Every structure is written in C-alpha cells, then in structure tokens.
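Here come two complexes built around chain A, the first alongside chain B, the second alongside chain C.
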Partner chain A sequence: MTKNRIFKSKHDWFFYISLMLLPCIQFFIFYIVVNFNSILLVFQKFENGKFVFNGFNNFVEVFTKSSTINNITINSLLTYGKKSLITYVFQMVFGFPFAIMFSFYIAKKYKGSGFFKVIIYLPHMVSATVFVLMFKIFSDGAMLDVIEMITGEKPFLGITKGYPFELALIYTIWSSFGVNVLLYTGAMSQISDSIIESAQLDGITPFKEMILITIPLIYPTIVTFLVVGLAGIFTNQMNLYTFYGEFANDKAKTLGYFMYATMKSSVTDYSDYPYLATLGIVLTAITMAITFGARAILNRLDPMREY
Partner chain B sequence: MKSKMLKKLISLFLVIVTAFSFTACTPTGGDSTKFELKIRNYGGGFGDEWLVKAAADFEALYEGVEYGGKVGVDVVYSSPKNDSAETDMQSDNHIVVREFGDIYSSRHSEFLEIDSVFTDTLSDGKTIESKLYAGDADKLKINGHYYAVPHYEIFGGITYDKGLFKERSFYISATGGWVNGTNKSVLSNGPDGVKCTHANDVICTCDDGLPANYEEFKALLERMKGNTVTPMLWSGQSDYYANYMLSAMYACLMGKDLNYVYDLDSKGNNITYITGFDGDNPTTVSEPITTQTAYKLYTQEEKYEVISFLDSILGSVGVPSNYVDRIGFSGTKTMKETQKIFIQSKRLPQVAGSERPIAMLVEGNYWTHESKTALAQEAAKGPQWAKTYGYMPMPAVVSGSVDATTGVNSYTLVDSASCYMVINKRTVEGNQDLINLAKEFIKFCNTDEKLQEFTTLTNTTKGLKYPLTKTQYDSLSHYGKSVWDLREKAIANGVIFSNKSANAVFRKAYSDFAQTCTGGFWSSGTTRVAVQGLFTNGQTAKEYFNGMKKLSAQEWANIYQSYWG
Partner chain C sequence: MNKVLSAPKKGLFKNKNTSIKRGTSPFIIGLLVVFIIYTLSMAILFGWAVFASLKTEDGYLIEYLWPNNEFYFNNYINVFKHFTVDVNGQIKTVADMFVNTILYAGVNAFIQALVPCVVAYLVVRFPCKFSSLIYNIVLITMILPIVGAYPAEMSVLRGLGLYNQIWGTWIQKFNFQGMYFLVFYAMVKSMGKEYWEAAYIDGADQYTVLLKVIMPLLKNTIVLVVLLQFIGFWNDYQSQLLYIPSYPTLAYGIYYITNVKTDSDLVNTPMKLSAAIVFATPIIILFVIFRNKLMGNLTMGGVKE
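On to the complex of A and B.
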C-alpha cells in the first residue's frame, strides 16, 4: 500500500506555503501581536505603580471572588453571560429562519422581491449610530403612542429605559436581517437551475423545494453563519454602547458590552486591566470549545456530505 | 434611460449630503497670508462666543504686524460638540480647550509645559499664577511644571424657579410655615444660617427661606406636590445628570472637610465612615485618616446620607413618589429638550410629563447659556413668562439647625468640569514662533478683561480669581448673579473645589474620588447612575451603598503604596 502524499512535488509545497502564509501572518499580527500585552496581563497585577507577576491568581479572582472593578462579581458575569446566550438563541430562533425564508422568496424572484431586497438592505447604507438614534426616537415616540392607544397608558419608564435589553435584542435581530438575507440570497443564486427545474418537473412545491433542495445546497453558508455567530457570542455587545454609551442599565448588559464599556470607561484604570484580560482569555477558551464542537457537529449533520 | 437618470440623481444627492457633512466640520478662518494659530474648543453648553470674540481681538492686536515671516495672525478655530479628548489631541490644532478629566494620567505628556504662561505678567498687570485659587498652584503642577490653564467651571446642582416659589409660597418662614418671600424678615435663615440684610424690594441672591436640612427639603417637595407643582426634573436620556445633585449635596455636607478627600489626609481630624449595617442602620466609626488609610473614604457616611436622601425621594417604578417628573426616568428627552420643558412648564404644562409646572431643574450652571434662545423666546411671550432662576445652595446638615459657622458649608462648590486650555505639544514642537504665539493667546484669554467678558457672555465663570465691575455684574442674568455670588462666598470661605490634588495617590485614584456626574464616585456595581440603581432597578440605599467600590487596607496598599513613599 502506497502512502497517500499530499505534496507530490516542490511546486505543491510552494503553492501550499503561498496559500497559508498570508493567513498565518495575519493571525500572528492581528491576534498574537495585538493581544500579546493582554496575554501577559493575565499573569500580572498592578502593584506599586507597575505590573508584576501574579501567577494564576487572576483566574481565581474571575471565578471566585469579586473584582475591584466596582465590585463586579461572578454572579454579575453569569447574568451578563446569560444575556449573551439569550441573544444568540433569539437570533437563531427568530433571525435565522426568517432570513432563510425571506432569502428564498427573493431568490425565487416572487412578486416585489426586488423592492423588498432594497428596503431590507437600505438600513445598512446608513451609519449604525444614525440608525440607533432613529430607532430610539421611534421607540420612545411613535411606539409609546401606539402602546398608549392600545392599553390607555404609557409605560412609566418608556421603552429605551424600561425595556433596554428587549429593545437592543429586537434591534440586533432586525439590523442583522439585511446582511443575512443578502448572503443567503447570494448562496441560493448559485444553485443550478437544472436541479430546480428537474424537481419542478417532478411536481415539487415551493416549501419542499426550500426544505429539500435549497437548504441542503446552501448548508455550508448556513454552517458558516452559525459558527461565526457562536464565535462572537461573548463579544456581541448588541449595539448597547451605541444606544446607551457607558450608561446602559445592568438589566441589559451582555458580556460583550461589559468588556467593551469597561475598557472604554473613564473609571477603569491600570489595576483593572489584568482582571479584564483574564476574563477575555477565559471567554476565548469557552468560545473556542463551543465553536469547534458546534462546527464538528454541524459538519457531521451536512445533508450533502455523502456527495 | 430613466433608471440611469435616477442613478445620477441619487449619486448627486449623496455627493451633496457628503459635502454638507464635511462643510459642517470645516473650521472658520484660513487666511494663508497670515501666521496661523489653530484652536479646537469643546462646543458644548458654554458655546464659542467667547472664542469668536477673543480670536477677533487677538487678530486685531497683530493686524499689520510682522510675525513669523508673515504679516498678521489668523486664528482658525472649530468648536465640535462630540469629539473626545483623544480626537482633539490627535488633530492638527495647536491649542485645545476642553474637559480633559484626569490630566495627571499619561495625558499630560501630550501637553506642552507652559510655566512661563503662568508666571509672565499679563496686560492687566497680574499673572495667571496669582489668579489661581488658594492651593491650586501645587495641585496643577505635574512634576513641578504647569501644563494646563483652568478654563470654565461646572457647578452641577439645582436651579429653582424663584417666580414659582414666590407665587406658590414655597419659602420656609422662621416659624416653620410657608411664605411667598416678599417679606424677608419673616423668612428662615436658609442653609447658610445667616439672615439676609437686603430690603424687601431688592431681588437678591440670598438663600433665606430655602431648606436648611434634608427634612425641610423633603417637606418642600411634599408642599410642591400638594400645590400641583412637580418639584424637580432632570434629563432622563442623560439621567447621570441626577448625580450632579448628589455631588452638590455631598459637597455641602462636607464643606471644608472636602479638603480631606482631595488631600487624602484629614490632618488629625475625624472623618466618619461606615463599617457595616445593623439591620438597615449603618454602624460608623469616626477617626482621622492619612493617605495610608484613605481607603476608608470609600465608605464615608456623607455618601450614604446623600444616597439615602435620593432613595427617599424617588419611590419605585410601581409607586413613583412623583417628586420627579417622569421625563427624568424615561429616555424620551435630551438635555436641551428637558431644559426647554422646564422653561415652558408653567405656560405649557401639558408638554411636561406630569402636566404641571416644574419648580426645580437638576443641571450644570451652564444650562441657561445653552438654552438662552428658549429663555428669550419664553420671555418674548409676555412679561409674566419671563423667568427668574436661582442656583440653590444645598443644606449643610442632614437634620437640626445651622448657625453662621456650620452654614458656611452650604457655600461649597465643586467644579466637576476639569476643563483646561492646553497647548498640543505634537503640533507645535520645533516651531518657536508658533509656541510663543500659542502661549500669548492663552495669556490674552486670561487677562481680567477677557475673563470678565467670558462671564458676561456666558453667565458662567472660569476657574480663576477675577473681579467684575458693577456694570458687568448688573449685566448678568439673575441666575448668573446667584452663581457668581455663591462662588464669591465659596472663594472667601475656602470652600471652592475642583478635581485637582497635589496628593500622588489621589492622582492615581482619580476616578474613585473625583466629583463628576459620570465618574466612579457615585457608581455601584456596574451601575454608574444612582437613579438607575435606586429607581429603575429597585435597589435600596443600603444595597446601592454596599455595591459601591471599596478596598481593604491590603488592596489599597497593594495598589498605591509606592505613591505614598
């Protein structure tokens, strides 16, 4: 039995190296180099005006006791983590299926699909800050009037203050809809017409076409979306910073917002950096495990795998 | 064809929109035949009229004068509202005027050392150094040098509608009843414990008849509510402004003792701090602190008193006390909209959430300048709508009476702006002509004449000592006079403070002790806004206080030991 050699010649090696060099350099610069100081901070503490070695004590602090960052506790972190997970789940349960259905509608060029495509993607041409502002004004303006019309009373705190997490969640799902639809539509347009025509000759209904043909054929795109979403689960700050700056209510905070806003905060100083760096590393480790696990499972579930 | 035309029209529209946005950011001026001095000014509540005037007058000084190989000077300035200190310092401007916050951090390395600006004699015969408040020279110096000249001051706190107070009899009489304040002799002595000596027909800025302790304050709120008036308002969209009230109340409880916080040393005098709670009652210890034991300041009793007071007047989401207009809790109104609602609340009560006139506004002292158009428009509706506002001194005690000695604490003012004029080292280095011109401009802006001009234009003050002529004083609004008079009393009694300290540990722990409405001092857990914790999230004062940052002796030493030597 001959050994299956991947690289049969020097040319193959050269090709492989040329292909891999750029991503490796990119990974080295934009992950290792950029984060090098953060990685060092994980094992340091700020004492007597400088960072000194602190062993694994920062991990103990993250997992057990409260930090000096305004008494943040493990319970607060778990609450923020729960919000991050809820966001992902909602994106999957509501954002994902609707995006697929809508993309299918557009890809099939049903009535008004061109118009809907423009309308859905139009918000992405406006800056997120402007759009968040419009969303806030709409929520605390027209939306409150509608609620008052229905219930006879406006919520005391309004929408932006009374329902900060719900508002950000709806905005996140809605604002990511356009990008999802655009990319799914792109993937769907790659499906060979002959496959569709053949299925239609066999009398397939549009619903079955979507479930049995379209989704299996764009499965790699779906997997990419799911995996990328999982990888960003703890960094997703749901535009909370754009909505509320440093002053989002505790009820709304996700881990992504907590990390980002704390670093940006004027009340954060050097002594807080090791804690934040350690928390970042811990979350990276958790995310890596979840992401690789999910990717492996999703690849196994690929309905087109045998082909 | 039609679609091509549409595309062209859309493209043209986008180009115009983009061009407009660039135009909006373009600085004024730009005469290449003159020597150029670029200035970036934070264009928030204080605006830039003072700079427009100063720039024109400075240019006039150099008209036809050869300078740096050119004839004349061109001051090019811009006043964006939202740029950060980072953006301003990274810009190509030579002078930056803005709220910098902590200048003791590495930021000061971006500033040019300007000792000569402080020690040179100005055209008014004085030096900037001589105009500094007592003790500020040491507090401003970093490694023995000056880098930043104090600019405007923000005194956050409560503005009250004196017309409404009079109309509805919201003044407290000497016997404990309510009067309209027309007869000054029957008024209580107010927070400073001193009887007003002005005649009845003089509209003065004395505090007689205002609450002298927290019990009277609560009674006033209840009286207002009972008289179909909403007691107070702050911007819900920027609810951290409510922290202004906390800072003002805390400062007046502390008085001169606030020096202990800025010095992180009580010089052998006792401070009272909370060590725990017995049920809902705090257990306290009174003892002196030094820098080594200053971690005890994290749990100061005065902080708890102020938080308790706020908690007691808020109620809860389910059962709001209605002492604060609902606008203060929802995100519907911006700062300027809130100011306008306050101004119009008597004439158009339906625009306010509670549909009642509003008696007090929690804001910074710049707000009347920020809303001067709205104030003028309201006054134009008829003389009955013209407003007479006053800055309300806060009680110096939680309960009981005050005398002239303890009442001095009610004059206490804390400037939370940390606003400075600095020279952007990166943009001037190597160009001595430019450095000299930038220094001259800063000196020019801090002559008595220009300081007075700033005050008369904005009805606010700069963080230096300077007089006002009678004409200048008379030109101020009543609100401007009330702030000026209180500031004069604060200076005279040594109870004017700003976020400056000569103590090396304070400089490192700046965000923990500086009085700002957005800083760490009033934070609890990860909640930076007391109203959010106490009202929206339903925390009790005790829970909120327990969530505030505190360090153990060991943690304090670990972080700061090297700075106390």
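On to the complex of A and C.
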C-alpha cells in the first residue's frame, strides 16, 4: 500500500511556501514580536533616548500613580474601569435582550421584518463619525428645544456637556444591534422547522417559543457573543473619541478611551510607552480571567447540556 | 386528528390562519411597536440632519428643530470647496482625502479578503502539521483577549520604518487571522478535493487551480468580504489617526471638522452636516445595491444565499 503524500512534488512545496511565507512573517512580526515587545516594555523605562531596565516599577506606578502621564492615579483608572463595567452591564441589560427579541422577530419574518433588518443594520454600515456628528448636533440643538417643549426648561449645560457619558452610552446601545441581530438571525434560521411545528401544534405562544425553544437552541451563539463582549470590556471606547476627541470629560472616560487617547497623544513620546504597556498587560490578565471564567460558567448553564 | 393530518408539511408560519393568529400575539405587537419607534428615531435623526444641512448658519441658529421655508444648497457646493484638513501645516483637500481613502480602504479590503482566503485554501489543500498549527493559531488569537498592544505595535512600526506610510498599513493588514479565515476554511473544506484533482488530471498547475478553479468558486464570499472590509476601512479613522497621520482619509476629515477644526467656512453646523451626508452617501448607495448580499447569513459554513 502506498502512502498518500500531502506534498507530491517540489512544485507543491514551492507553491505552499511561496504563498504561506508572507502571511507567516506578518504574523511573526505583528503578533509574536509585538506581544513580546509589550512584555519587554513592562520592565523598561525610557531614559536618555533609550529604553533601560526598570524592574517592576511600572507595576508600582500602575497601582499608585504614573510618573509620566499627568494626574493618572489608580483611583482614576478605577473610575474609568467602573465606566467600562457600567457600559458592559447596560449593553447586557438593554442591548442583549432587545437584540434577541429583534432577531426573533426578523427570523420569524413577521410584518416588515425585511425593512426593519435594513434599518437595524444601517448604523453598522454608515460611519460612526457621521452618526455621532448628527447625534451630537441634534442633542445640543434640536433635542434641547424638544426638552423645553416637554418640560418647559432647557438643561443648563446642554447635553454633551451635562451628560457626556450618558449620551455616548445611549448612542452606543442604540447603534449596536446590527451585527448581533444579523448573527443571531443566522443562528435562528438554522433551527429545524419540525421542532417549531410540533411546539405550535401544542399551542405554544411566540414569547414562549422564543424563551423555551429558540434561546436554548442558539445558546452556543449567545455564549460566543457574551464572551466576546467580555473580552472587549476594557477596549470598548464607546465612541467617546468620536464624540469628544482628545478632550472627553473625565467623568465620561472608559479604560478603552483612556488607552487610545493617551496613545494618540503619546505617539512621539516614548516615555509613556512602558506605563501603557504595563497597564495593557494588567488589563489583559484581568480580561483573560473574566473571559475564561465566564465561559466556563456559561457552558455549565447550557440548557441543552446533557449530563 | 384531521386537523393535525392536514397541517402543511413545512413551515407552519406560512399557514395563513396561523400567521394571522401569531401576528396578534401581544408580544409580537409589542415588538412591532418597538421596531416602529426605533425606525422613527433613525428617520427623525436622518431627516432632521438633511433639512438642517439645507439651512444657512443664521437659519439654523434661529430654528434648530423645524425645517426652514427655503433650502440653501450652497452648503453642499461649499463642502467640496472648503472641506480641508490641516496636517502639520499642509492643507489636504477633499480630493487628497478621497485618494487616501481609496488607497487605505480599497487596497486593505482586498488584502484582508484575499490573504485569509489563500491561507485557508493552503491549510485545507495541504493538511500537514504546519497547516494545523496555522489553524490553531487562528483559533487561539481569536480567543486570547490582548488589551493595549498599541505602544509595542507603535515601536515595531517605527523600528521597521512602516509608521506613517500608507503601504505600511498594507503590510500591517497582511494577516490571515480572524473570523473570515474560518469562513473560507469551512467553504474550501466543504468543496471536496474532486475540484482540484480534476484540474490536475487536465494538466493544470497549483497556481492555475487556485486562480481558475478555487477563486471563482469562492467569488461570492470573496466579494462579500471585500465589501464588508471596504465599508469598515472607509469608516475607520482611528487607525489612520494613529498609524498614518499624514494621510488623512475622508472619515478622518469628518472627525476633524467635528472635533478639531475651529477656524474655517466649514465650522458652521449646517455645513458640517452637509459634509457628513456627502461622506455617508456612497456607503448608503453601496448598502442599498448590495443589501441582500451584505446582510446574507455569513456563517462559519460560508454564505447562505
């Protein structure tokens, strides 16, 4: 019996290597080297034009006060972290259930579902810069008139100044349904008609059908989304940079915004790099623990799990 | 009993009577109302923005909410005349930004569609140990949440001379990791080796098989991924701001007039809205034309048409 070889000739080898080489080099540089460099930066500081060994001092700075980035203390980071968590909780409480219900409505092709699918997906297609610009201008102009019409008085500071975090949070949830609905709908469309039909013959209502059949059957997709959402908890900028640029109000900042905005203003200032890299490593460790923990718990809660 | 036997074989939702009954469920009516409110919120925002973009500056300041009696179309002409950004003292026009956008969004969209496609084909076609390593790398990098690699990435880009070079972003995006690798992987795997083996018997070499057999079979998915990536890059200004600050794109231009620009004709609100609408129009047209394709069920098993 002859062995079925994977590479049958030198040409096969040449073909494989010629097309695989560049993507692999890219991966090596932009994943392996970059992340290795992150770890190196954690133990370094920038002094006299070069990076020198700094032991664990960057960790001390992250957990006390930064010596390079003004006014950043552990308390500021905790405040930004709290905002990141609030964002995630609100997305879970409002964004997630509505995404499931919208998806159910669309997957079942109820009245106007095709049109609503387009409307829900629109904010994902049109740039956030465009929507944010409209949202911001509307909130500080027309919305004030509407509020005055209803309550008889205008908010003193306006909306972007008075409620910077709340405005960005509402926008983020309002515009976030598109991709989730698309993928939940995709998962729901895979559910066998026969399961639904037999439940309907037993007189199941649409609400019960969603709770008792649809959600358990798309549970793996839901878990994936919840876990991916958790993995992005500290990188979520909540469009704050698009709303306020470099000058977001301190009470609105999330950790994702802080990391990006600080990096943007420190592009040419190497002295901030070690602090930011250390903060990145600390947040990666926390995120990893949360993500893998949540994944294990959610998998245990799988209603279709067989014991 | 008869009722059960006479039930249609497939899709009870298509049964007219059932559909009417289901449509009157309070839950479904409630959802319909929520949908209508959501649609109205979007229509009001867009409609208001269009009408506000047709006001003069004074007209807008007098009346924020309702449309004016006269429409001022000059805002749209002024967008093309005065929509500029200042990059370290150099003025970049809307034409410069458009070219940068095409070079950034267009080229990167192709790269980010073709590289995962080719690598996925190689992994399926040649199932050696290295190929399974590549497959595992994709899975691991998707699961591992890396936060804040910006400083390290910036040092590497600067070290390699890729920082602030538009072709540097092409190299930066030349990666195979991510969801689309898995989409292409599943598609190639489901094809079966008969496709390429038949071509070899006819005397085709590996490159010919890839270009003339595999790529045409994957054409629909490649086009979809290119479109999705193009829209993503077209709308992205943050990467441009960080990695190629000297090459402003149109998305950056909108960000710039919203948050940075303070001293020009485009500073007034109706003109800002006009610029935003002009910028969004190509994507809305693209979306309307390709909406079914773009909203098709892209799954790990490929595109469900």
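What we mean here is this: the second predicted complex is superposed on the first by the 269 of 307 C-alpha atoms of A that agree within 3 Å, B and C clash if a C-alpha of one lies under 4 Å from a C-alpha of the other, contacts with A are read in each partner's own complex, and residues count from 1 in each chain.
In this text, contacts are C-beta pairs under 8 Å (C-beta built on N, C-alpha and C of every residue); 3 or more make two chains touch, one makes a residue touch a chain.
A quick note: this is a predicted structure, and the numbers were derived from the prediction, not measured.
**Q** Please determine, from the superposition on chain A, whether chain B and chain C clash or fit.
**A** They clash: once the shared chain is superposed, the two partners overlap in space.
**Q** Is A:Asp269 in contact with chain B, with chain C, with both, or with neither (first, second, both, neither)?
**A** first
**Q** Under the stated touch criterion, which partner chain does A:Phe138 make contact with: chain B (first), chain C (second), both, or neither?
**A** In the superposed model, A:Phe138 contacts chain C only, not chain B.
**Q** Thinking of the overlay built on chain A, is A:Ser76 touched by chain B (first), by chain C (second), by both, or by neither?
**A** The first partner, chain B, only.
**Q** Which holds for A:Asn249: it touches chain B only (first), chain C only (second), both, or neither?
**A** After superposition on chain A, A:Asn249 lies in contact with chain B alone.
**Q** Spot which of chain B and chain C makes contact with more residues of chain A, would you?
**A** The partner with more contacted residues on chain A is C.
**Q** If we overlay the two complexes on their shared chain A, which of chain B and chain C does A:Met259 touch? Say first, second, both or neither.
**A** second
**Q** After the superposition on A, what does A:Thr235 contact: first (chain B), second (chain C), both or neither?
**A** The answer is second: A:Thr235 touches chain C but not chain B.
**Q** If we overlay the two complexes on their shared chain A, which of chain B and chain C does A:Val146 touch? Say first, second, both or neither.
**A** In the superposition, A:Val146 contacts chain C only.
**Q** Across the two complexes, find the residues of chain A that touch chain B and also touch chain C.
**A** After superposing on chain A, chain A residues 136, 141, 144, 246-247, 266-267 contact both chain B and chain C.
**Q** Using the touch rule from the top, collect the residues of chain A that touch chain B in their complex.
**A** 45-49, 68-72, 76, 136, 140-141, 144, 156-162, 246-247, 249-251, 253, 258, 262, 265-269, 271
**Q** Name, in rising order, each residue of chain C that touches chain A in their complex.
**A** 4, 7, 10-13, 18, 22-23, 25, 27-28, 31-32, 34-35, 38-39, 41-42, 45-46, 48-49, 52, 60, 64-65, 115, 118-119, 122, 126-128, 130, 134, 137, 141, 143-156, 160, 171-172, 174-177, 205-207, 231, 234-235, 237-238, 241-242, 245, 251, 254-255, 258-260, 269, 272-273, 276-277, 279-280, 283-284, 286-287, 291, 294-295, 297-299, 304
**Q** Please give the residue numbers of chain B that touch chain A in the complex, ascending.
**A** Touching chain A from chain B are residues 101-102, 236-237, 239-240, 317, 320, 326, 329-332, 508-509, 511-512, 518-520, 523-529, 532-533, 536-537, 547-551, 555, 558-559, 561-563.
**Q** What residues on chain A touch chain C, complex-wise?
**A** 6-7, 11-12, 15-16, 19-20, 22-24, 26-27, 29-31, 33-35, 37-38, 40-41, 98, 101-102, 104-105, 108-112, 115-123, 125-138, 141-142, 144-146, 174, 182, 185-186, 189-190, 193, 196-197, 200-201, 205-207, 210, 231-232, 234-235, 241-242, 244-247, 259-260, 263-264, 266-267, 270, 272-274, 276-277, 279-281, 283-284, 287-288, 291
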